[in-house]
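Please go over the structures that come below.
The same chain A turns up in both complexes below, where it pairs with chain B and then with chain C.
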Partner chain A sequence: MSAIDASVEMRPKLVGQRIKRTEDPRLLTGSGRYVDDIAPAGLLHLAVMRSDHPHARIRAINVGEAFAIPGVVAIFDAGDIKGDFRSAVPTSRMKGYYATPIRPLAEGKVRYVGEPMIAVVAESRYAAEDALEHISVDYEPLPFAIRQVDAVADDAPLLHDEAGTNVIIAREFARGDVEKVLADAAVVVKGRFRMTRKTPMPMEGRSYLAEWDRRRQALTLHSSTNIPGIIRDVLSGCLDLPGNRMRVVAPDVGGSFGGKGSLNHEEMLVCVLARKLERPVKFVADRMEDLTAMSQAFDELIEAELAVDADGRLLGLKADVIGDIGAYSIYPWTGALEPVQVVSFLPGPYRIEHYRGRVRGVLTPKPPTGPYRGVGRPSSTFAMERLIEMAARKLGMDPVEIRRRNLVRAEEFPYRTGSGIIWDRSAFQECLEGACDLADYPALLRARDAARAEGRWVGIGLASYAELTGIGSRIAVAPGMPINTGTETSTIRIDATGAVTAAFGISSHGQGLETTLAQVVADELGCRMEDVEIQHGDSALVPMGTGTYASRSAVLGGGAATKTARVVKAKVLKAAAYLMAVPIEDLVAEGGVIRASSSNATMTFKELAHAVYAQMGRIPHDQREDLVASETYDPYLGTACSSTHLAMVEIDPGTYGVTVTRFVVAEDCGRIINPLIVDGQVHGAVAQGIGAALLEEVVHDADGQLLTASLADYLVPVATNVPDIGIVHIEAELPNNIGGFRGMGEGGTIGAPAAIANAVSDALSHLGVEVDTLPVTPERIFRMVEDARTIRKA
Partner chain B sequence: MSAEARITVTVNGLSCTRTVDARLLLSDFLRHELGLTGTHVGCEHGVCGACTILLDGRSARSCLTLAIQADGANIETVEGLGRIGELGRVQQAFRDHHGLQCGFCTPGFLMTITDMLRHHSLENDEDIREALSGNICRCTGYEHIVNAVRELARERGPLK
Partner chain C sequence: MKPARFDYVRAESIAHAVEVLADAGGDGKVLAGGQSLMPMMNFRLVKPSVLVDINHIAELDRIEHRGDRLHVGALVRHRMTAEDALVVRHIPVLHHAMKHVAHLTVRNRGTFCGSVCHADPAAEMPMMTVLLDGTIHTASPRGSRALPARDFFVGSLVTALEPDEMATSIEIAVPAEGSGWGFEEFARRHGDYALAAIAVLMERRDGQARNVRVAMMGVGDTPLRLLDVEAALEGREVTRAALDEAIEALKMSIDPNSDLNASSDYRRHLAAVLARRALGDAWSRTRQTSVEIAA
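Moving on, here comes the complex of A and B:
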């Protein structure tokens, strides 16, 4: 046997490779197990009667002949379950914040169309829905303000009387003297930008199945959640069950994008009812219910002004934001999550000395807003990137050049923004150049100008942004929120057969973490990837876990995997050194084999595990250690992730329909674990950004009724709406966290709406049209074009 | 409303006879009566395509079909395309090209594509995207699915 060059042997082999996913075989063959696929004996089905008023007092409920429907078991309203739980309260340390309590069913009053009010439990969902037809509710309609601009008014009708106001959050960030620079600047641009309400629309509806174990007096909730640990912790309190008798399992989950990342009424409800009835109870939201009542998102109104000097340098930014948070503050993120992020991230990746951002979060009679891919930053990036292009146009400066002059440069990191965010080193400038290179920006400009010469409406738009990903314990994911989102625990064990099991608090729901974390573990341990099973999505796996959200799982999960695998590996090598009678420094583990460089001796993980666990006396009893470890990782600060998006669009002057003809993303996501999966995340997030830019809008009319309750009304992108997306990965200096990974889950949704809004504005620049509302639908373009033409004529 | 009917259907080559409610959806019949939970229900109004199956060889929305309408029919579902360790060709192409993420819409895509490959020319990406446009995927942005279908279209034999 030849001598082994340890430096080569130790080099990671799997991280960085386009490894095919281990999740795929089960999902491709219909062998996945989603919540609705689980059907225990004695299962009961829940159907929910929802409010059809935006704000009303419930005077009386009449169940009529509902119990005459064969199979109906029980019907409950809020009064029937009052003593069976404690409300969940999404508290916050923020000053002046009012936390609306969350209960399974509306008590006394309803506050949005779609709010759960009455529960019908039956032997089949068909029977339960039949029973709903017989139930009638006597409402006393109450006044309300459906639009955020009306709801903030001092005399607006109150949605929660106890709060004393509809404005339950108000924050201000300020640095420098923005009024002065606005007064003195060579150029000032301003706008009133509206990012309308969205729904995350994962393909699988929210699904919950609660099973009460009479023997152990224990509850297991199978939930389509992406935060099983958080749900376990809060329900443990609500139901007064200790964590060892309250378990939350997220099996295969059909997407979330944030929509399944908060505590849901129905999630509490199945638990309360399963314990009360001592039968398994399942709720599966149909599409109409999810479009009506899943947590919604964005819904921001941003008035902003940007001061720029004659050379295109950004001097100051001022913004006033009203976030429409809906009828309740969501658990655990609170209603502050989305609006406060807007003013936190508004200055973007730019050097801007003077800043003032004010935000108010206001209650309106609509479903609560919660996390949705990108959180706050799709809206803030839309407003900021529009202002930058408006300024460039006013100065006659190329939109790339104005960004080049203002993006924070490598030597300026760490850079503190006017809102207090600290940007760690990331490839801000390199992403801008990378996107332009990949798209061949000069050629694109020539193509645009040639098309324009033919009278076609063609435009190019850019968007640069930065986000914080993999945030550690220094700051909460949602401001002021009193739960820990900054740590991740991994427990790794090699069992007596040599198989490796690595358990986490994360909860993969499409991200492919069973693959990527196995790559990390196998590299670190030196075992074979096929010998590693990644366990996740189960509150029983680690003492405290939260789940997968906020682009955290590669950074925190990857860090925890690395840290823990190193401890296990030290135990492996210590045992091997004894068994092989060689110094520990001579040992190298790779591909499931431990080799000694000083001899020909080798040992597989399987042989080693057998010796450690099964062969009494092979290792002296006082030196023998189980091959297990559990470690927690906290990146403390988190990592910055940055990107530039470039879009080219063409507008049909006959139909006003927008086609995205070219889309390029340059992003810095640090060390890449699996490029195949990173590309997939970028593609999917950009598609959602295209949806936000051109198609998707939750519409409530003046009566508070939802007008977009089907997929024929709430339009999401299909294959013909999305172009091929060019991606360039910029791997600049790695961030200072274990593994050098950055979070990659959300960025596409952050950059794409702004880039497309800029491209549409560019395409209509001959008319002086500036896009200020998304989605920029054919109807909106028609109106903007007509208005512009009317003004020109006048 | 609870009129019942006795139906016989062939599902993935196996014949089965059941007495069902006249109003039972074919998707619910496959999932709950036969335990074939690979067929997923995404919208129950015929837009998303997650529940797509093959009904007598052509793609159909099982959420818009009553079980009794399938009496005497030959049904193919995702479970009939292959199994773990023996993926069918369309399934393998999805894996090779990373054409799925959460996997919920995937069975519907696989069945639609099986039909499209048998019956449509799919000469270019525009054709392929048009063929896929009746199915919604919220995760992938479609590009990897298009890549998989392009490969399948190039290698397949003559149309049926």
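Moving on, here comes the complex of A and C:
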């Protein structure tokens, strides 16, 4: 890696330091500014009437006395706004795919409980909700298949007649001859794994505020999105407004976890209504609305088989996956994002020659699935890591040893998986060893066995995985998706006061990117961190930017920052060399001061900026340059981020309550910009993974009704569910990108569910029970234990 | 998630509160801690025409010891009950149960009486009121009355309170000196509504369990007193065999519902597991009475 020049290496760097997040003082003292904090004059509030049928034709809508409620301004259904926008279409080059059009309000029929149907605009949200109570809808219920196994059937009722099928996505990855390997293998293990549906659950609900500027004929959308650039681009088309009159701003955003990373109905709706009514319109989802209608996650059924030889070597893997994608294909990622990633990543970080993975994505009357921290890989890792431990158990082999034998080794990189993913060199083996060392695995085994001797149900589980992060333009983040997710642009300027402003197309929503990117910029420029302001989350900042998702922002944003800062720095040094009358090679910038090594001459960035901008003639007019630059970075390929998680659990043999007693993560995220932030990301993601493993499940009943519409029923992890998490960072070899960074914001959610599933299975091993469904709740353990005991008795 | 329109009245006295409730014609709701009422109003599950705020009525905010009974006023917060010196010393089972009532912030506002009047079948205080032989004192335009706990809980979220009637205090029994207690609860997360919970009191005389009281929740529409379980242990030494019989009696006396978190079968299993632990704990916590020691 030649891009890191020696002069930067020499001085104490900000990159690598545990620097406290510069965002936190404002967020922790209530000075943050979220969409709901913005209240322009004349603001109107939107409440949405949602479908209470999973599949029905809308026969008639009766608004009753709704207009009699004081403060109610307007009520719209799909017909009332038909001419005011064009549908968003989540296109893809995938064969046989059908792109369901996305509209702000359901047109003609509804396709899931919670789908927006009628908009009420009023002077207050109270009045708007009062009006909702007066509106009634005459539905003609239509048949539907709520379960994915039913929805794929040839004679299943169709959700989108135009598609001609419910199966709108089908992909297959294959290498070698998996059937033969399965037939011949010494050991074959198989399972039918189910990662149930989740909801991303950010603290802040989805919030949108649209303001129409009649003078400029321009629209500004303040949105709690993490993809402002993508939203700007699509709405520009939907609303027929050029990008200079369509701006999307994401102010402080209280988390997304993927749920704010797609185009939302209500996001389109406020824009349409603000332009129509020529007044600002705001929508803030309440918790029930987010639980009901925010994009959801996972919901795959994975039938998988693994062939292993007598020495524990993995030979072949076969999987059939049905992804329940919900009622619509989401924009821009499409419904393929989640299920296709399951079969792309199923072979994991292992050497497996023969592979065949098939996936179908099927429409069902539920909210669409979309991005969720980890995308696809929490499910694929769960299935694969369960199979590995099932094989180890069958062979009587230690679960660490079987992984050691199969994880791709240092000399085998770059390694191409059976699905075509190329792993660049990352610390696959080292993470396994690192996690075992940190946890003191042999001691843990002894502790487990001692506890078992007392009749306690204690288990240990591991999960190793790799994810592709910081992906450049060679492959789209979602399969066949025609938008560019492979570049990021940074614009850096030093202004007349010497202050540095660095603007990006990314959109930090809790990742601390204002801190980490300032570290990168300050290091590269040689200025002080406090002189740097990072701007992000605004489509007007750079010509094109997509946002923060897919573990890309440190790699792509950091790369763009580095490239741009180097150009600006060259301009700084050129000007300084002239002003200080020394050769450019003699100059070093550090801490905001430019020093000449050959003399005692110094000049601050402030003095330099003043000379460049404010003092006419200090620099000859034909040599003078503004201290600005804008560069775009494209890492082209992605880079592997790898990790091993190790969990220890104890199950109460009476209540079947599961307690996670130990948790250790070893991970390789390349060069670490800020270990404090990396640790925080790991802690948070592991907590989220514990939720997926033990607690969280979106449940729709046979009638398509949502049973988990409040936080009393959709259980997220709380402090008492999360143990201390031990973390060891392993920096093996830096990836071949500008900063040497790997993306790491998602990983914890990928490893934790699998590790816990394995630990629970280990704790239940005396009953011969294997966990195949997450979350593994007390009820599910009860049923597994009862079944095992019944079989044993028989 | 905004409440429907309602009027608000700050009651100056119990008489005033009752008068406002009566005027509301059945549409009034009493606001004490608001920890259950406010979410229900925001969900528009309840839409009172008037909210009667009793937080400024002076005489309701105390716990009084009268004879072998504690009187808990309608404004006594969970936290205050939990930390009350009399409760800590004389009713450890109540002190312990309080740790399972939601979270600290909820316990700071929520009230004992409010929880009992809300009558959630998976809430602790209704069960503790049944266990501790509670009596609910009420006021209405027709005067005051005292309702024994066994008659108070009618169904899930339904009590014997009339629409124009409010609870003013709840009196509970202080267990006899030397009583043993047991409390077991299982919830998906700490502080959640329980999948099942059980509370037990018993004394030990002559090596035998006496005055056994067993209450359970989460396994029916109301908190239950399990008379058959009590009878299985009353007058016996609590041996493994006796416990087995008690558990059999328990299984016969409950018919739990299935819901999102637990099937009927699992709840029955859970009830048995918790009961065995709580009954055993109660027995081991009993102290021999002085009579027996003298003998």
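Details
Here is the rule we go by: the second predicted complex is superposed on the first by the 782 of 794 C-alpha atoms of A that agree within 3 Å, B and C clash if a C-alpha of one lies under 4 Å from a C-alpha of the other, contacts with A are read in each partner's own complex, and residues count from 1 in each chain.
In this section, a contact is a pair of C-beta atoms (placed from the backbone, for glycine too) under 8 Å apart; a residue touches a chain by one contact, two chains touch by 3 or more.
The shown structure was predicted, so the numbers you read here are calculated from the model rather than taken from an experiment.
Of the two partner chains, chain C is the only one touched by A:T655; chain B is not. By the document's definition of touching, of the two partners only chain B reaches A:E204; chain C does not. Residue contacts after overlaying the shared chain place A:I677 against chain B, while chain C stays out of touching range. Within the superposed three-chain model, A:V718 lies in touch with chain B and with chain C [touch as defined at top]. Touch criterion met: A:L27 reaches chain B, while chain C stays clear of it.
When the two complexes are overlaid on their common chain A, residue A:L105 makes contact with neither chain B nor chain C. When the two structures are aligned on the shared chain, A:V120 is found in touch with neither chain B nor chain C.
Look at A:T708: by the touch rule set out above, it reaches chain C but stays clear of chain B.
By the touch criterion defined above, A:D252 lies against chain B but remains apart from chain C after alignment on the C-alpha atoms of chain A. After superposition on the shared chain, chain A has more residues touched by B, the comparison being chain B against chain C. On chain A, the surface patch touched by chain B in one complex and by chain C in the other comprises residues 126, 130, 286-288, 710, 712, 717-718, 720. Interface residues of chain A facing chain C in the complex, by the touch rule stated above, are 125-126, 129-130, 133, 286-289, 654-655, 657, 695, 699, 707-708, 710, 712-713, 715, 717-718, 720-721, 777-779, 782-783, 786. Listing the residues of chain B that touch chain A in their complex gives 1-2, 21, 23-24, 31-32, 36-45, 47-48, 50, 77-79, 81-85, 87, 91, 94-96, 98, 100-107, 110, 125, 128-130, 132-146.
Listing the residues of chain A that touch chain B in their complex gives 20-21, 23-34, 36-37, 39, 70, 126, 130, 201-205, 252-255, 257, 286-288, 509-512, 676-677, 679-680, 682-688, 710-712, 716-720, 722, 724-725, 748.
Of all residues in chain C, those touching chain A in their complex are 1-5, 43-44, 186, 188-193, 195, 260-263, 265-266, 269-270, 273-274, 276-277.
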